[in-house]
Structure formats: C-alpha cells, structure tokens
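In what follows, structures are represented as structure tokens.
In what follows, subunit A forms one complex with subunit B and a second complex with subunit C.
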Partner chain A sequence: MAIKKENSSRRDFIKNSSMFAGGIVLVSLLNPLKMVYATKKPKGKGKWYGIGIDIEKCIGCASCARACKVENDVPNEPFFFRNWVEQYTITNDDEIKVSSPNGGIDGFKQPVPDDEIYKTFFVPKMCNHCAKSPCTQVCPVGASFESPEGIALVDKSYCIGCGYCVQSCPYGCRYIDMENGVVDKCTLCYHRLQKGLDPACMMACPTGARIYGDLNDKESAVSVFIKENNCAVLKPQLNTESKLFYNDLSQEVH
Partner chain B sequence: MPLQVKRLLIVFVLFIGIMLGLKYFLTPESWREYGAYRGNALTEISDKEAKYVQTETCAMCHDSIAELKTQGAHKSIQCEICHGPGYKHIDDENIDMNIPDDNQFCMRCHSKNAASPQSIIKQIDAVEHSEGEECINCHNPHQPWL
Partner chain C sequence: MNKYETLYEALANLDGYIYPNEIALNWDLLIVMYPYVTGLVAGAFILASLNRVFDIKALRPTYEISLLTALSFMLVATMPLITHLGQPWRFYEMLVTPHLTSAMAIFGFVYLWYLMVVLLLEIWFDYRYDMVIWSQQKKGFVKFVYKALTLWVSETSPESRKTDEKIGYFITVVGIPSAFLLHGYVGFIFGSIKANPWWSTVMMPVIFIFSAMVSGIALVMFIYMGVSYLRKQKPDMMALDTIAKYLFYILIIDFTLESLDQIHRIYEADESFDILKILVRGKLFFTFFIMQIGVGVLIPLTTLGFLQFKKPRERIRKIIYLIISICVLVGIFYMRWNVVIGGQLFSKSFYGFTSYKVDLIGGADVWLSVLWFIVPFFILAFLLWLLPPWKKNHEAMH
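On to the complex of A and B.
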C-alpha cells in the first residue's frame, strides 16, 4: 500500500514556518521568560556602586583586610579573604614576584634588596562587583545575584554550596564558608551601606587609597576619582565590566 | 485525531500541570521581586549588625581626644583601626577597647618597605630609629609630631 502524501505548497510551508519563528520571538519577549544574564544598569535612577583604589597611596598596612575579617566574621585562617593586599616586585632581571603573606595581615617583607628592585608596589584586591559578573551567571539556583545597586551578593540561605561561582570568578574573590558549607564573598558591607556607614575596608584605610561611591552621581568621590586619574580595571579582556577602578595599575598585575 | 497523538497529549498536559504545581509550591516568597533571586535576601543581608561605629560616634564621649586627633598627622585615621570595633563598648563602657602599645603595632604602617610611597607615610627602620625604646614614650599616637 502506498503511503499517502499530503502535498502542501511551498507558500504554505514558508507561511507556517515564519509564523512559528515569529511566535518564538514573541514568547521570548514576555517578561517571565526573558533570559537573565546580567543586571541592567539603572538609567540615571538609584545608586550604582563603584570602587576606586589608588595604588599610589597604598602603604600595604593591610588594615583593610583586618577590618574586613572583623566586620564580616571571616574565618581567621589564611585563604579566607574578602579583600587582601599583594606586593608586586619587579626586579632588574625582569622577574615578577608577588607576595601576600596571609593577605598582608602578617606584614610584608621586602623580597629582594633595594638595589635589585626595578619597581615595587602594593595592589589591594577585593570583589570587583562586575556589572556582567561571571559568578552570578553560573549560579544554578539563583543564590548569587546582583543587587539593584550593582553589588554582587550571595543569598546564604539559598546557596547549595556547589562552588561553581568560586571557580568562575576570574579574580578569586569567593570562598566556601566551611562552617555552613555555603559560599561567602565581599558584600561591599551592604549592611553598613544601608545604615549610612562606610564599608569596613574603606573606613579602615589610613591614607584614603580606597574610594567608593555612586557611579551615577558625577559628583561622587569615585566618579571624580575616575575622571581625574587614568584608571584601569583588572582583566578587561574578559568583558566582566568590573566596577573596581585602579589608578596607576601596572601591566604586570593580573 | 489519531489515538497515539491523543495519548501523548494527555501525558504532555499532565507533565506541564505537575511542573506548574511544583513551581507554585517550591518558588520561595519574594522571588523575582527585583530579579531572579529572593528579594528578601537583601533585607536579610542588610540586617547584620555593624561592628565598626566610626569616629563620629566615638567623639560623642571622647571629645577631647577626638579634638586632639584632628590636629595631628593621624587625623585621617579612624579610632577603631587601632582600638578595635566599638559596637560592644558603646552599649557597655565596661567592655574595654584594645589599647595597643607595642612597637610592632606601629610598624604595621611605618616599617620600611620600598613599595610604600615615601610621600604618603613616614617610614623608619625600627631598630635603628628607636634603639629599643617604646614608640609611645616619645610619640603621642593621637597627635604624633613630625
């Protein structure tokens, strides 16, 4: 028995398939099904926090790292840091040495004598609070997210501790809190900001090397800092739209 | 409609129904208030107590020391960098603050290191400079002279 074939015309085929494609596009525009991949920067309204770090002013005292550990109950053991300081030393032989003894808390020892140093400086590091943060995009449960103010936060009661975000952060700014088995990270002291206080690290810096503020406000400390200095972000090639701006950042820093 | 399509449709409807039911019961409160996360998480994070109360609060009682400090080279330094967080002390003055007096504490900032910018901070070689003397015997930490 021959199989009965329905002979649809080419016109019908094109009509049907274009309707199908159009339907998919329409459905994808509906809000609940919209793809979530990055927080949109609010236009002109609300705060949008950014951070500035002036490497020229950092003296490597690691007060920021200490204050952060106290304020946020970060475990005291090394390797648990929300912010830390690194010393970069470039010798006359073009060798780059990076040291960070207990995040700088134990104090820095100059690795080579003065006459062998070509250049040396401190680089304080912390969460970059990226606008297109890789860490919030990889979270399988929606526990890592970017707040409307542009601060990357962790919902600790919702986190399953898979550690995916820890691996995805190109700046190494997350750690697993061993006590609860969930991820923890810099919140830019969200609890302090909401109470009108400065974040602990910003407050603790004795030389004013750390600056934060609202990037939407052109008069804010960080906006003025970015305008007046030649600032750069870490790993710009990754397109994370980092909001941590360094003044006087050397090429060697990664 | 052929029978096999009808059966398949029933399975599909059941599957979608179960998924919608699960979504209804398993989606936490305040989900999608701002984005694809629990909106309540923001309040939970901001409810945490702040430990550092900042110099303005210290100056409410310790006004003379705060006044002294505004004239010295340490004026940009918050009280709690040296004295530790004050959140317990402001409620109960019997809980003492930390009073560091060892040279090692001063050397956190003032030790010689080629990476520290000379124009920003005075740096000394501890052994050479003090010859075993305590820093605070000569320098008042609230108003160090230069």
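On to the complex of A and C.
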C-alpha cells in the first residue's frame, strides 16, 4: 500500500503559485496562526498509533535495539540508533548516572556498589511519534511528514539532508545517515505494520515491556496499559503530545 | 561533521551522558558561516541606508562601497547552507515545494526578495546614469557590457535622474525592514527550536539583527580603509569617524540585548540552566568570554568610547579603526560559533556533553567555509572595477 503523503508536488506548486500570494494574505487575515502552528490531530476513525513502555518489566537486554538495527539496516558503527536503552542509577548521594553502552547492545555493567544505590532502572528510548511533532513542523521541503496513523516518517527520496529536524527533535531520535546524506529515524516498522506484522522491537522484547496499538481503540493493549498504569511522557512541558507512554517514569529521566 | 569510525573512538570525546545520535555534531563550521555571512550583508546595507534615508551626509563616501559589499556577500550567502546539505542537488526543492510551517523553507524567498528587489534594484538605479555615460565612453566588449547593464535604457535627462533618485530612495526605505527581516529571520531559524534551550529565546532574532549591524558596519569600515589604501588615497576621516560613532552606539545596544538575554537566563534558572552554566564556563569559556565578549565587545567598546571624548591624531585613529574593525569581525564570528556549535555541545538529556574540534587540514567544512568567506572579496574587487564609485558623477546626487 502506498503511503499517503501530505507534502505538495512540483506540479501542485506550479498550479497554485498564482493563487499563492493572494492566498497568503487571505489566510493570514482569516487565521493568522494556522500557517505556523503545527498541530496534527487524528482525522477520521482510522488507527492512531501509540506506544507503551513498562519500565518495571525492562531488564536492559537491548534485544529491541539489536532487532531494530537488523530489521532496518541501521549502521552498526559508529553510533546511530533508532532505538536504544538507557540505564539510570541514582546513588544515595543523589547523584544521577546515565549510561547506554552502544545503545545497550554491549551489555550494562553497574559501576556503583549495591549499598550505594538508591534506585536503578532501564529506560528504552525511541521516536515518540508526537502528535504535534516538532521535526515534521520544521522540515523545509515536507520530506518529514506524519502518516495518517500518526507515525512520523521520512521520504528519503525527497529529504535534502539539512538536519533541521535533527536539531528540533527534543528526544535525540533522528540522525543523518552519512552514506545517503538523508535523515533516518524510527518508523515503528511501518513496512511491517502494513503487512499486519508487529514492529521488530515489539517482537524481540522477551518480557513484554513494549506495547503498541491503536489509541482510538479503547480496548487495544496500549489503551488498556495507559488506563491501568500511572503513565507519563518525556518532556511534557514542550507540548509535543508525545505518544510514547512510560509506566512509572521517574522525574530524573529526560 | 566529526567523523568517528567507531563508537569507542567517539566515547573518548564525551563527558557524562549524551543521546547516542547527538555524539557527532550535525551542524558544523559551514552553518556558523551561514548566519555570519548573511549578517554582514544586512549590516552593510543598513550602513548604506543611514546615508540615503537618514541623510547622514558624512557617510556619503562609503555609500556605494556598502552596497557593493552587501551584494558581494549576498551572492554567496546561501552557499554555506547548500554545500552543507546531505543532498546538495536537491536544494531547489526548498523553493519549488516549500513546507510552509518550516522557518527554513521561507529563507529562499526572503533571500530572493532581498537580492532581487532590494539590492540589485537599488544598485541599478544608483548607477544607471553612470552606466549610460560609461557605455558611451568605452569601446568594444566593455561598451556592450555597460549597455547590457543599462538594459539599453540611455536616458540621461535631469528628469530621469530625479526619477532614479526617487525610486532609489523608495527602495532603500523598503530595504531597511527587508534587511531586518533577512537577518531577524535567520535568528528565528534558531530561536524557534523549542528542543534546544540555548537557542530557544524570543530575543534571538533581535540579537541577530543588532549583531548583524555591528559586523556589517565593521566590515565596511575595514573594506573602505583597505580600498583607500590600495588606491593610494586618503580615506575620508569624517566618514570613518562617523562609522565608528555608529559602530559604538549599535555595539552598546547589541551588548545590552545579549546581556539581557543572559541575565534573564541566569535569573530564571530553569531546568536547562545547570547544564548551560557548565557549558558556558567550560567548553565555551574561550570562545564566549575571551573571543565574543572580550575581543568582540569590551575592547571595541572601551576604545570607541574613549574616542568619543578624546581624538588622537588621524594616523593613530586609522590604526585604531583598523584594529577595532577586525576585533568586531572576529568577535561576531565567535558569537555565531557560540550559538551554532555551543547549542549542539550539550545533550538534550541535560546530562552531558560532546565535543567539536575543527579539523584544520582534512575537514571539507573548513576549506569550504574559508572559500565562502574569501569569494565575496573577489566578487567585490570585480564589482569595484566594473562600477567604480570614485568615477561616478556625483553632481545633483543625494
């Protein structure tokens, strides 16, 4: 199935250019903020994907990161990730230590002695697939766009590789694929979703710490997870309307 | 971009924790050059308009030089941006299919507006009469070039010159807000990124406008002295003193705004403050305190301030102006550096830092940056040969 894109083609541009100048004036008179204010709300009753992560269940095995690298041809070296795991350790002296050796793939070691640990936990990270995604807002050509299912995607045949979206992602989820000079990011394995398969990271998780599903369907696994747990999103103050929900997220996590 | 072959090579350059995708800087020296060069254009133009619109007669000798300087730098202003793209040949997509919610998408249009409507038109109307005269005096190919430049309009009547003057004045009036738009807009590209607390401030466009004026004025001062030296002419001291006076005033405004931004940041001390404090005191210490504030602001400000009260001999003043203009140009370069590079050195997790070292020998970003800074000087030399301000007929001119 072809992905429905919302950016315009060259043909559209030529067709619309004569109406453009007048249109801008009109639009700015009628609704001055609509042009610059990037809000995308679900249209219709289609699927609207969200992700849940049960921090309690994550054992830091990084199978998710490994599976993602294999499934999506993410370069093994040097250090780019669509999906990685962080280990947070808070000591009795309130010192916060964070580590993610090779995204967790190289295995975690706990350098702090047990009796000095106040608490420690793993936080898997990936694209938050925000409803008001700052990355698609800033893309100068519309190569980064949001699919109707609420998944932030990149048209690599169109991306100019300016890196503006990399700067605007508050969660560090984008990178420039050096080989092709274009941006790359998590697609929630869109190619698999289209075939009715689960994303690679969801499949690989041995403890069921990763859940995904349709947020419009109140019976879906992710909707139930959000209902039954005390969930939070990362950096809520930025109002990105992240759709990546963590159970029992500690306030130290950024 | 820093090229690390392996993860463990990169790890040696990190402090604390940084998201893995943030290890290599995405925007390098070329993106430092982009606001720097654009700022020089806007600043040089504002100086020209001080003469034209605000009728500051002492600045007349630098009017054409300011405009031609602005044009020379404008012609390459987009090059750092384009050569930095991962897919440089797709740059035109930004013009034919702009994504309207993106601050960057509109840059192409603001740029073209400024280049085509403001700079080229103003220079054309300013030189039209002279080009007609030169096309009559020259022979052969050069004659054809001037003819072509006049667009085969050969009107030299006093009425036509009055019309030139009127339209030129009108374009300058439009040009001032356009220059503000051009560079304020570049500031907005950074200032509107809410993910980055070092950039995300409403002050950014305003600071960019004033720092642009400071750098552009210093550049014209430098070029005017350089051109006078090469032509073995004495520079007009009245003009230099006046430029220095405006440089002093605008430097005060610029420094005040930047200080306000920092004081506000320090007093509010929001969640990003701790990491930014370590950033400024550590990784940015040299470029921020020594170069941007020390060399770029305090030295010029105290020297120019001193000159407002006591005027040494002309020769001394000339040397002072030369040194000050270089100081300001270096200082504003580091201001751009601190914004662009500084904003990427700390992690958005607020738990650590990466580092950036300029690869002086092997880095494509370095030699391209140097190239895009040198090329405008060659363009300027050509323009000064083609359209020499000193051979213009200045009778009945503004």
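The working rule: the second predicted complex is superposed on the first by the 212 of 254 C-alpha atoms of A that agree within 3 Å, B and C clash if a C-alpha of one lies under 4 Å from a C-alpha of the other, contacts with A are read in each partner's own complex, and residues count from 1 in each chain.
The criterion applied here is as follows: a residue touches a chain if its C-beta (ideal position, glycine included) is under 8 Å from a C-beta of that chain, and two chains touch if they have at least 3 such contacts.
Please read all numbers here as calculations on a predicted model, not as lab measurements.
Asker: Give one word, clash or fit, describing how subunit B and subunit C relate on subunit A after superposing.
Answerer: Superposition check on subunit A shows subunit B and subunit C fit without a clash.
Asker: Tell me which partner A:200 touches in the superposition: subunit B (first), subunit C (second), both or neither.
Answerer: Once the two structures are laid over each other on A, A:200 reaches subunit B alone.
Asker: Touching A:70 in the superposition: subunit B (first), subunit C (second), both, neither?
Answerer: first
Asker: Quick check on the superposed pair: does A:142 touch subunit B, subunit C, both, or neither? Answer first, second, both or neither.
Answerer: Touch status of A:142: both partners.
Asker: Which partner does A:158 contact after superposing on A: first (subunit B), second (subunit C), both, neither?
Answerer: The answer is both, since A:158 touches subunit B and subunit C.
Asker: If we overlay the two complexes on their shared chain A, which of subunit B and subunit C does A:127 touch? Say first, second, both or neither.
Answerer: neither
Asker: Would you check which partner chain A:215 touches, where first means subunit B only, second means subunit C only, and both and neither mean what they say?
Answerer: So A:215 meets neither subunit B nor subunit C here.
Asker: May I ask you to decide whether A:57 touches subunit B, subunit C, both, or neither, giving the answer as first, second, both or neither?
Answerer: first
Asker: After superposing the two complexes, find the smallest distance in angstrom between C-alpha atoms of subunit B and C-alpha atoms of subunit C.
Answerer: 6
Asker: Overlap the subunit B and subunit C contact sets on subunit A and report the shared residues.
Answerer: Touching subunit B in the first complex and subunit C in the second, residues 36, 142, 158 of subunit A appear in both lists.
Asker: Quick check: in the complex, which residue numbers of subunit A touch subunit B?
Answerer: Listed in rising order, the residues of subunit A that touch subunit B are 32, 36, 39, 56-57, 59-63, 67, 70-71, 87-89, 107-108, 110, 114, 117, 120-122, 142-148, 153, 155, 157-158, 187, 189-195, 197-198, 200, 203-204, 206-208.
Asker: Show me the residue ranges of subunit A that touch subunit C in the complex, using the header's touch definition.
Answerer: Subunit A reaches subunit C through residues 7-10, 12-13, 35-38, 77-81, 84, 86, 96-100, 102-103, 125, 134, 137-142, 158-164, 166-176, 178, 180-183, 238, 254.
Asker: Residue numbers of subunit C touching subunit A in their complex, please.
Answerer: Against subunit A, the touching part of subunit C is residues 1, 4-7, 9-10, 16-17, 19-24, 26-27, 81, 84-87, 90-91, 93-94, 96-105, 107, 189, 192-196, 343-344, 347-352.
Asker: Which of the residues in subunit B end up touching subunit A in this complex?
Answerer: So the residues of subunit B in touch with subunit A come to 28, 31-32, 34-38, 41-42, 44-54, 74, 76-78, 80-81, 84-85, 107-109, 111-117, 120-121.
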